[in-house]
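Contents: one structure, followed by commentary.
Each chain gets a letter, A, B, C and D, in the order it is written, and its residues are counted from 1.
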């Protein structure tokens, strides 16, 4: 791969004119995330008042399969070369759902070409790539070209409500947070290897995949920063069949399938994080517990329409965790949907994300979470790995950030 | 049996002098309820500040067994003849845990003998008996001799709190109530006959046994009266083995194992009641849902330390059912127990009942629920039976009460 | 209105040729149900392998508004005259989301015109209309023209799984069912009148609107029939402001806002049904409890991705209600969606409905639930009203059905 | 204080003869734990078949108060000098509910005097004292004198059932455990100092008080050992008013109010532990989650009558966490209590503990948990403190144990 900064010319390109509407959208990738993002693009305008756009192109490597996916998911065309698509004048937005190791190259090229970019998390597989993306995003922003990272759970209405309540001081001083993301799709030791279980393709395991979400939530909900971490990684099933063939040889699993950390926050709060892909019976359980001196918030992604809230300023006699069914017109994003009590599904975290991304583009304001916010999470993940390698010793984040910030080339490029 | 009113002399006997403390207590019956009441007597003074008393005598039919039970449950002596015990000068309180068909005779005799009386629910197996008991209780009350019926669930702290909240207007106007009492101990069709399944010994089935509790709660929590009922009874397993012997012949079950009713309340509210002994998986689930225009209360006896409460006057954005763990010193009865969050068990509904009974005796005030309140429930149960026999047609309670109030002799006596 | 049977010619028209794909779809109505159905049409082909179709026309009364809605919800065109649309050769399917009083006329005309028809519940506002629809549906079916009523909750995956488990005998003999549908959008007595609160436009209140769902579930899950009912209706808030203007005069509410019934089933089981629109705090809670001698099932629509199941054949020591998160590829409809634990929303009950409707059209098999099934529910609702008017007396369904089946004209036409 | 080993003579004393029944019991301490233990002694024989015993003496420092407590809690006498009581021939059992810093001296003296000893957790405030107690307990055991530490939560029926299920292999290989003990009684920063918040009297804070329970459960449930720990301690509220007087000066809190740890287990499993006294809204929530490759167990002390269990060997279609209401005669300890579904309270963990202690004495077998088991927990707590002091670095337990095992005198004596 050529280093994206080779091409200096495109960086002069301004943002697509808002007069040139409808905005043309291209998405890259049609697997799990491509399907989820496509669903959001297909539906967002049916519920929300967003700038006009068109689902122009779906990009993928296999011409036949991507054509089928494009037809199925509502895209007008399909293509196999993302570079060509990026250059098209009728494309104004690039939505990157490709694997993490491709993020940097595509995102930087797209930003340089003056396209607004939405990229799935994690920002990149390496800190170096992530930092280059941040630089490209910052440069583009000055030209009115927007970029955003897809921490979609920020758009769970219940969590958006949680953030509001915390920002309003309803929890008082937050003291500690318990964050866990528990899945069990690797519980079966006979389940074979995939690219997600190899360090060279996945970067890390549960840490990068799901601890990233948990940590982003801590930052998002509290509006806080991490200053210090202690971490631990473990691989309970360290060898797996190379393929679904029961006769296949065993291969080493080179990423973690569980991780633990404590995070010191700038505010003085402490967060614990625990993630696992072998938590038998837990399917997609991102659990958050936020304890303040005036109240507490509870959340579980398996019941994402609900928020637990305890108001400790109420008389003791009537205090209790309440289950708020976050399905009222008064709740974030909900006015667009169905009458109260008619719950929405996981996929609409992406619908809301697209809505906010489009609104930001229309208003000319930088969308959030930015690449910088994505990088911040990457730094924390890296520090956890570093701590794990150092017998769980506490690692200072500021030091860590300084060290790695000197990286200027894409690692492994 | 002789009619209790034969002996007019004893009715002159005043209440036991409060100077003659400690109060001597005798309990009649040592089966399930005898065990539960004994437990309450044994423990009440360790937690509550109550008048001094002594667990004097446990009365039962089988001399050996009652002696064993007395030793085990903390009674100083045992006896087999309740009439003798009632006449003892050192006995001031009679706690009747004998089967329902014995209640009237014992209670009336005890009251006439000037003893305070606590009687397990149901008040009696027949309306006629119940009315005679009410008359005896009322007469005794004038002499300072107290009487009480054991609707122990009034002393669940969570339900006592519920009543307080309702009385304070926190639910606004109560519109409807859903009451259910679900058990499953008769789910197994091979489970053999017992006295509880024969009309002549049990009076009725789920209706008298558990609908009585559900209905008493409706009256207690709302402070309301029933004016009209529609009812239905059903026996799903209508024949059972005569004994545990698998070869034993089948016998007809002559009581209901499930019942349904709607109750019109004097306030205009409507309550539905559903009870079952064949609700597989429900062990002892008295569920109450009380819907007012300003709030709602939920309760389940299987989690008796919790009360669900929704305050509909709060902003919609933060409304939700809260789970109040009713274990704070601020909650009814709880100051006597353990620190917050250390839950108490089912049996202490009886401990609280004894405490309130003893407090009433000490203060000279009539304890609640009175025999009159027990009779009220009996009238409602009778009206449900009447409605069930009349194809569920609505039955007016006032009419009904008038009709039956003319009964002046103990039915079947 | 002209009686639909006036036009006898159209009834000769056969089903649209399957060669003439893609199927052209027109939907009538763009309010709540129109929005929900449109969403299903817009998304079904992205997840399921269904016959090709096109969202051709959205029909509504207001030309401007329906044009906007069509653009928003994915329809190629809009129109204001449903009769014209029905006659179009490129339209093969009519999806009726108009108010209940319009169902019969449109459905019968569409069927006569050889169009497949999906009609929202309730089938019609009157039994007479419903019966004419059944006749038209039956006649059309012989010509290969399909019809279906939209009891969408049959397509909740958890309830489809419940039906499978019951059909497999996992509950053994079902004894009783507790069905409730509780909402609270009318709790506020100041909330003004709408067409839903007037008998002439809505037919009935909570009874027709939500008891219909609850009763359909009883029939669907058990595969059973109702033979007898006792019912009760009540209007807690019987006068409401005529409009949102606080000065507006009060108007009588002429439909029920709560209803209660017991249903005798052909199998001998008994179901209780309770519905309310003033159950403060309950937003959209269709609760089902099904008790068999070998197991029990629990469900709540507010947590529609979950099914409660107790297997009473397991050793007592380890029995308990389990929460099945119905999100596995092994579960009905779920293979099409997201990985396990990524919950789906309420709206996809309609997506599944469209999928099944299209599959039935493709296979030439009659889809379920049929108009006959819709009529069956209408008969039960009518019997509940009849019983309510007769002081809750039990009403025999067979008798009832015979009486009303003689109706041959559209009431009120 | 004199070192207990000064008096070598008493160690010749054998266990109290079993012929000298009933066993005389003395309890030392009448605060929270004294009340709870007294309750257990007062009730155990009413439910369980245990050796005969008598509640002889309650010992405390304040003559008046201890006399009152003795009367209230069912003790025949009271006393103020525990040394005299230990020497009494009619006393065979010493139940130590005094503060932790008194444990060693009393326990060693009592064991030397040939008395069976039950001591509340923690075993002692220092490792050195704990080791001396272990030595004394081991020596006494050879003479038939029994000793036991009061980790009462081993006697929660649900947790006893959990242990059985795990031992039977129902979870397969346990991979990871999440243990948390969350309380909130220190959430209020204005709540004043107590002896529990000073290191010199309490030893440690949440760590010793509640992490000890959580860690003991990990060891108990899994039958496993800890080999390595990483830990962290924090005091969120580090200064508190010296007294309830709002004018009082602030004093430093010298113990932790929250703690975090990861524990490596000998089996290869990893456990996370998190405890807090400022987890607002959590009253007494000991939460345990145990993930194996064949199943999972969940528990929460606030619902101590329930056990969550997921059997991953069941067909995926019907897997789910089940809520076992641990109230059946088939369940540990439950046959003694009430019919199914009639839940028991927190205090009966102590009743069961006394039952098992008495049974062990009667059978001559050493009761469990032994002092050695208590010491094992102390070592883990000490290693967590050591790790916390070393920036959370992993500490090897074996090394640690060796280092501290050299302690031979009571620290601070």
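The working rule: contacts are C-beta pairs under 8 Å (C-beta built on N, C-alpha and C of every residue); 3 or more make two chains touch, one makes a residue touch a chain.
Owing to the predicted nature of the structure, the values given are computational and were not obtained by experimental measurement.
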item	value
Rotation, 0 to 180 degrees and nearest 5, that superposes chain C on copy chain D via CA atoms	180
Relative to chain B, chain with the most remote C-alpha centre	A
Centre-of-Cα separation between chain D and chain C, whole angstrom	58
Between chain A and chain C, centroid-to-centroid distance (C-alpha), Å	38
Whole-Å gap between the CA centroids of chain A and chain D	44
Set of chain A residues in contact with two or more other chains	282, 310, 319-321, 325
Footprint of chain B on chain D - complex, ascending	32, 36, 38-39, 42-43, 45-46, 72-74, 183, 185, 282-285, 301-305, 325, 327, 338-348
Chain B-facing residues of chain A, complex	161, 165, 307, 309-311, 315-325, 328, 330-331
Contacting residues of chain B [partner chain C, same complex]	175-176, 178, 180, 187-189, 230, 232, 234, 236, 258, 260, 262, 268, 270, 272, 274, 276, 278-282, 289, 291-296, 310, 312, 319-321, 387, 390-394
